[in-house]
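This report refers to the structure that appears directly beneath it.
We call the chains A, B and C, going by the order they appear; numbering starts again at 1 in every chain.
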């Protein structure tokens, strides 16, 4: 079991220890449920009410929250970042047993780096290259000529299709599909003609991809996910999309083909973004927004209407169909009233 | 083949047989397509028009619909519930052949209960415990120290990640991912630091989970799905979420992290629910609603705007951007008119 | 490597070659990135600006765009369709090695047509019938009595459940689940009773299904996907749904149970369609629309509200709750003003 003193942890996160620097910390917990020996953190103000009564041995807090902390503290500028770093110290190591499980099917023309682990019933096809120290979990299917960088982890039942490239330190959760064909169809008098999808998926370093997310290969050019991008579960990334470095996207969002999203963006969950748009760097889009035009300036953007009791909503919903008429009738009223006042 | 008399079926569902109690029933069908020998039901009033012409040998109806039924009937208070019970009598048994398929990979430190069936190419890792009579289908991957109760069924290609707990009589459809990491990221000057996801997924008894749905493990505490919850396909359940007993959620809905949903709720499809909310018991939310605030009272809630012909929608859509201005101009008009009347 | 002269390609797509008919074409590329030896196309007017500077050896254009083309051209009525046909000439053949991989598990009572290929760790259960020339990729699970037509391809980790029928020339991408139970539940005083899902999924010829899409089996009748339907990724098709021939649906759209969609429709991404509706032939629905009523006429339909800067959106969003009140106050103003004018 990992243990650290409070003073050690403070130094590790460049914070200032308050209280007993020799306190021994053995793990992490929430303010509400931590037990003695654990360190907690206060980041979301919604949880400030637990600060006075926490059983944690110490709490990561900002300078302004420190006075309200009844136990030992480490004062830092960003408690959540400091918590993330400390929690990683205490998190159990993922077991890693290099070697190819006897039930795995590895083509003789695949290339496995040093200390690679290939799990039970995984399939690695010809010319695939798996970087040193990477783990390919049970049931994963790695297609022809796929390239995966060093120290990456594909958890289980992940499919990576022919020619896709994934960088170093990727973390790819179960059920992800990378490199399936984009939705390219040409309509010939009602019949759909398939447009061959000849591009690849190219993923940078330090990318995390959530369970059952799908990233399609490009039609002619590549679909590109830049370094440090974080994708949640059940996201759809269409063909030819580019997602800029360090952008994060929450679950169930769909990005249609050929759209380019900038760097350092934050996209909420269940957002829909149509194709062929450009979204600038440092754009935030709140959950469930519908994006139909390019966004050229950083900032926070939203769409949607509020949740209401069904009976009230039905009334407002019906009026939406007449919003343009409402506007025009209001303008007519203004004109009439102006005329009346002119006459008065 | 299972057969029952009408009288037997009426007794089985605590209903009253009308007509020939000795009629032999061999199966179930819809009002439109049932053939003689089958029993049907009328639940959705939209299908009442088929009651007079059905070829079914009998129909499950309410007292008020009974007079319109041209064939034998069983009168019950809830025809759909009675139909569900009767259909289960006639449904083919799922074949269950206890044993471990020779292609499955079961760790020697896994524990299999009596009459467990492990399908082809399934993988069961160390310290996993599979309850008596449970079936783990082809291609499923059951991680370390997972616990699955008795008489549960994981259909195929399901992934259950380390430490997750599933109760008895679970029915989990293909492609489901349970226990992948939650989307926990701390932003350190633009770079994302991964927050270790140390909690588990804990699922009660009698839970059904639809195809390709994902349920993330908790960050520090557990993600909890209580007894009798029913989840449809392609649903996202974020980390630390709790879903109360007997709540049902339709397809493609996303529940963001740390939200607590009450018992006996019904959530429609493609709903988006933001994180850190509390939703009371017995709340109904209609499809495609956006939920951004806690709901403290039972009732039915909705959001969204109506479908319109595109040309008309474009006009109303454009006016939405000026809704606040419209409100303020209307108030100005009211003030002006009041003043004018005062003067008059 | 495939090569063709410009004149050959023009004949192949029934177009007219302009420039050097003997120019040798070796592949395809976009206007921006094509290199000499490649043919490109101009379809989306957004890319017309690249026509003057493209390095392609030839471009597929309409008659009206031909004058702006600085290089060889093939004039056609629909450049995208012509491009699709030509790109297929140059696309690499999918490798197809008939035979059953030794790691696959094929039940002795399954029936494999001529030249079928069964990939590593695939599972084919009893009484399944796989048509001639079809490919079942790595990790696919084909349930009991499933029927798959000739020349179909299931890429990898696809699950097709008992009794489903798939036609000829299907292309099914990784992670798809066909034939899982529909979401059929009857509520008995708060407890959910499972309604057995006794129907099948029946899929016509020439259907493409995107990664991680789910299509549920019917409750009593079948879920039907007609010939030539194209489904993108992460789509949910509920039980008893029928999708008419040659309809295309973009990613993340959900179609609830028993809804019938006509032929030649185009449904955008992240659309929600409630159950028990009928949608006519040749209907277009734009992305993210909410469909709660049947559509009886062809045309284009939409719903939703515009993306705005968050601060402005908050104001408009708040006013939406008072839209009905706004309407009524505007009508009161009109009445008052009329009265006033009457008096005047």
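Operating definition for what follows: a residue touches a chain if its C-beta (ideal position, glycine included) is under 8 Å from a C-beta of that chain, and two chains touch if they have at least 3 such contacts.
Please read these numbers as outputs of a predicted model, since none were measured by experiment.
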{"item": "Those chains which touch chain B and also touch chain A", "value": "C"}
{"item": "Interface sides of chain B and chain C: same vs different residues, half threshold", "value": "different"}
{"item": "Chain B-chain C separation of Cα centroids, rounded to whole Å", "value": "25"}
{"item": "Residue list for chain B, restricted to those that touch at least two other chains", "value": "103, 121, 139, 157, 175, 212, 234, 252, 270, 304-306, 308, 318, 320, 322-323, 326, 330, 333, 337, 340"}
{"item": "In the complex with chain B, residue positions of chain C that touch it", "value": "103, 105, 121, 123, 139, 141, 143-144, 157, 159, 161, 175, 177, 180-181, 183-188, 190-196, 198, 212, 214, 216, 220-221, 234, 236, 238, 252, 254, 256, 270, 272, 274, 276, 284-286, 289-293, 295, 299-306, 308, 312, 315-316, 318-320, 322-323, 326, 329-330, 333, 336-337, 340, 343"}
{"item": "Chain C residues within the chain A interface of the complex", "value": "28-30, 33, 44, 46, 78, 80-81, 83-85, 87-88, 90-91, 95, 101, 103, 119-121, 137-139, 155-157, 171, 173-175, 208, 210-212, 228, 230, 232-234, 246, 248, 250-252, 264, 269-270, 287-288, 304-310, 313-314, 317-318, 320-324, 326-327, 330, 333-334, 337, 340-341, 344"}
